[in-house]
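Going by the order they are written in, the chains are A, B and C; count residues from 1 in each one.
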Amino acid sequence: MELCEYTCWQLHDMLKRKEVSSREITESVIKRIEEVDERTNCYITKTFDVALQKSHQVDDKIRRGEEIHPLSGIPIAIKDNICTEGVRTTCGSRILLNFIPPYDATVVKRLKEKGAVFIGKTNMDEFAMGSSTETSYFGITRNPWNLETVPGGSSGGSAAAVAADQTILALGSDTGGSIRQPASMCGVIGLKPTYGRISRFGLIAYASSLDQIGPITKDVRDCTLLLNAISGYDEQDSTSVNREVPDYTKSLVEDLKGIKIGIPTEYFGKGLDKEVEEGVLDGVKLLCSLGAEAEETHLPHTDYAIASYYLIATSEASSNLARYDGVGYGYRGAEEDLIDMYKHTRSSGFGAEVKRRIMLGTYSLSSGYYDAYYLKALKVRTLIKQDFEEAFKKFDCLITPTSPTPAFYIGEKIDDPLTMYLQDIYTISTNLAGIPGISIPCGFSHDGLPIGLQILGPIFGEEKLLQIAYTFEQNTDYHQQKPKI
Amino acid sequence: MGITKEEVEYIARLARLEFDETEKEAFTHQLDKILEYVDKINELDTSHVQPSSHVIPLENVLREDNVKESLPRDLVLANAPKKERGYFKVPKVIE
Amino acid sequence: MDYEPVIGLEVHVQLATKTKLFCGCRTTFGAPPNSQTCPVCLGFPGVLPVLNKEVVELAILSAIALNCTINPYSRFSRKNYFYPDLPKAYQISQYDLPLAKDGWVEISSGGKIRKIGIIRVHLEEDAGKLIHEDSGSLVDYNRCGIPLIEIVSSPMLRSSQEAYEYLNALKDILRYLRVSDCNMEEGSLRCDANVSVREKDAEGFGTKTEVKNMNSFKAVKQALDYEISRQIDLLEKGRRVLQETRLWDERESRTHGMRTKEEAHDYRYFPEPDLVPLSINPEWVNKISKRLPELPKDRMNRFLKEYGLPEYDALVLTSSRDLADYYEECVRLYNQPKVISNWIMTELLALLKEDGIEITQVKIKPEHLISMLGLIDKGVISGKIAKDIIVHMFRTGKDPSLIVEEKGLVQITDEDEVSKVIDEVILENKKAVLEYKSGKTKVMGFLVGQVMKKTEGKANPQIVNKLLREKI
């Protein structure tokens, strides 16, 4: 077994016992990237020099007998919408092709302090707008389980890299499912924390009130380690919550006694793939056999979630992306005069999906439509949030499929925006309500593609989600299977 | 509701985007379909519902009036497509 | 036909904080271009605003002084438009829920006091500065993110003079609060005017124009006068006023229409998702109102009563908070309010005016001014010498006793010494002495003057008078 195939906690043990060095781990990951990235295209920018340098530092520390953090010396991949000082951060867009941030995102700063080894910046749908990682200016990322299929999106690069052992850990961002859905399609763990749990400072905004950074990992233990490292209040993000961060590794206990699981029927209707449905319901059965109780429940406004989401997300995006105007940084198009410069910059700097969403968002905020679209969507959001609050009065968690289907084929949905949007049907409400959700592998389709099970909890209910996910994982081996690439 | 090509042109102007005729047609069609879909939220009676701009109820997040060093000017301008004498430069703005 | 103008002013005032509205960059005026900027005020990707507490408190303080109601719940919104001075392509401002509303200020107009309504006071960030050159426009973002309050008056100003009075009233109040220096030249106060004219005593409003680009209160007055007569002229000729934005041209003393862009103003306001709402409870307002100083008018009335000053003196001394503070500090040290007022009003203010400086920059400490008055009381120096000494104090900031010593300005009170000089004067001015003896008592003044001249003004005038009379 190559070092790149291990989990973070396993490698940490080996580092502490001095069985391996961070340099060996880093080299193993680099070798793996060099072998397979040509086929998967997980990375936009590779930072091997920086990584090796950092691994030396950690090795020195170990040699001196100093204590090391569980993430010290462990390679991590960062989604390319998270700013890294001195390292190009593109958001998968031509418009930021050469943008080098003079600052680190707060999460990056926190990981650096802990000695994590930055291996590279991962591919993503342009500005995180997509569910397939097909809209990047830097090409399509392919799913390591089947190179003809998509890895999901928008954090497809991060999820595929973790699945293909091209990194040990990864960070993604989730606005409507962008961590969980690719995690599900790539057979790895993906957690979207409660809104405000993790600082958004340095995360290039898509939809500010929905965006959240989160871990993508090989197992639940790694997920808790990464979550511990990046969580907590940040005075640079007014929307981050000043609330104590528990030690999430304490949730790694196998215990489901008295756990009440709600199964929202709205998530098991039309459009759900049979194999996915079976996989998830089998997962629920397993949890019940381990001591949990499950019961059907309702989230009555689910049907309005996608509509509400696309109005809110695109409205915020239309404003967030207005700054890409060719003045201060990034790509600048031909410039006859000012208006020309704006139009050329933005028309050739952005891809089709981004432009579509900017148009939709601009429309929904524009005079005469605000009340019917944006404001209305915010009200529907309240109803969706209330649905969850009701459900969590009765249940500890809700279990649903993460995505209606396993990975689909490249090109299959790219020309039909609405069908693509419907991919997010099970993940989107979570962001609207601000609650946490985790996707864990719960089986495979007949053609060997991973299936994900999603566990949702109340605001700041990460601990219970992780406990349930951990218990599930301890009693299955889906997470240990590797794609043959 | 149905979006017209003229509206698409107006929205594109507001967003500083431009499209050729084919793109315009395609966008009008796609946006029309999307709007038809999202319009379903107007089925719901929300007359007694408060809008949620934020999902986590926070208020009064404030910082003290303490100076933080500014970014060195070479870094301020490092990413600028065009700069001159410490300024960002753009095509002439006519007022 | 008789017309009357209808004027409403939108005044932007820079709040006197150390740092910007949403980031820790300095707000110092006149720094090199783009030297007071950071990723937040430059609108770089991924950065987030964090609200400056002092800004909020200064804005609340202003709103209280402008008799506004503070909204218990307010929030920020984004105003979206593209312009190179606006790096995020949206301005963070307040829209549907401003900080405060429904206030007023008093102005005097034609000898009467009028209350001018204030519709709202809200917070917003300033934009950058553009410099236009032939080869293109240069952008400096130092101003970007500077905290402003926008004060919107109701359209009840009825003349350019009233607008001028209103601006002065605002400036006086805000400077008194020390929330802003209200310096129009440095851009810490800016004023846009909405102007229309209508038939006198008509109910409705005429079409209004928005006039911008005035950089002094005088310019506001001139621009309004120009615009009012331009509009009346149009109406008289049976033409109509176009709703537009017009720029004041200082050099040509006229307004001209801005080349209107096709774009409708569709700012697509929506609540700023990166900031959380402001909830201002009465306790907070109370705490801030403790920072509220006694306002000019109250202070003037107190000066009249407490110190028995003439109205003019009280008005002048309370025109600036720093001057009034200076005066009261002097009075605290030396309980002679009228004497102190005289010295400040006649000598000190003249010196300030001569040098064009403010009381805050003056080198004379209140305790030094008082010790100078003490020297007069003790007869060490004469009032006349004191007038020279105060000039030295003003230039050097030195203790008056030190100046007296250095320059040998101590008054001559030794009768023998004075007597000698008088003898000399009597000898040298026999004719005058004779005149005096023949009854021309006015000559006494001349003789005293001669003694003073010989002693370089140092002789005690009472003693000189006494001895002269004795000797002649």
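Here is the rule we go by: a contact is a pair of C-beta atoms (placed from the backbone, for glycine too) under 8 Å apart; a residue touches a chain by one contact, two chains touch by 3 or more.
If you're wondering where the values come from, they're calculated on a predicted model, not measured in any experiment.
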- Item | Highest C-beta pair count, chain pair | A-B
- Of all the chains, which has the CA centre nearest the overall CA centre? B
- Query: In whole angstrom, how far does the Cα centroid of chain A sit from the Cα centroid of chain B?
  - Reply: 23
- Message: Based only on mean CA positions, could you tell me how far chain A sits from chain C in angstrom?
- Response: 56
- Query: From the C-alpha centre of chain B to that of chain C, how far is it in Å?
  - Reply: 40
- Query: On chain C, where are the residues touching two or more other chains?
  - Reply: 39, 42, 50-51, 82, 84, 137, 139, 266, 268, 273, 275-276
- Where chain B touches two or more other chains at once, the residues are 14, 16, 53-54, 58, 61, 63, 71, 82, 88, 90-94
- Message: By the touch rule stated above, which residues of chain A touch at least two different other chains?
- Response: 99, 102, 209, 235, 238-239, 318, 322, 325, 327-329, 338, 342, 362, 366
- chain C contact footprint on chain B (complex, rising order): 13-14, 16, 53-54, 58-71, 73, 76-77, 82, 84-95
- Item | For the chain A and chain C complex, residues of the former touching the latter | 81-83, 89, 91, 96, 99, 101-103, 105, 200-205, 207-209, 235-239, 315-316, 318-319, 322-323, 325, 327-329, 338, 342, 362, 365-367, 370, 374
- Which of the residues in chain C come into contact with chain B in the complex? 17-19, 23-26, 32-39, 42, 50-56, 75, 82-84, 130-141, 247, 258-259, 262-263, 266, 268, 271, 273, 275-279
- Where on chain B is chain A touching in the complex? 3, 7-8, 10-12, 14-19, 27, 30-31, 33-35, 37-44, 46, 49-56, 58, 61, 63, 71, 75, 78-82, 88, 90-94
- Query: For the complex, which residues does chain A have touching chain B?
  - Reply: 98-100, 102, 194-196, 209, 235, 238-239, 241, 301, 303-304, 306-308, 310-311, 318, 322, 325-332, 335-344, 346-347, 350, 355-356, 358-360, 362-363, 366, 372-373, 375-383, 385, 417-418, 421, 432-434, 459
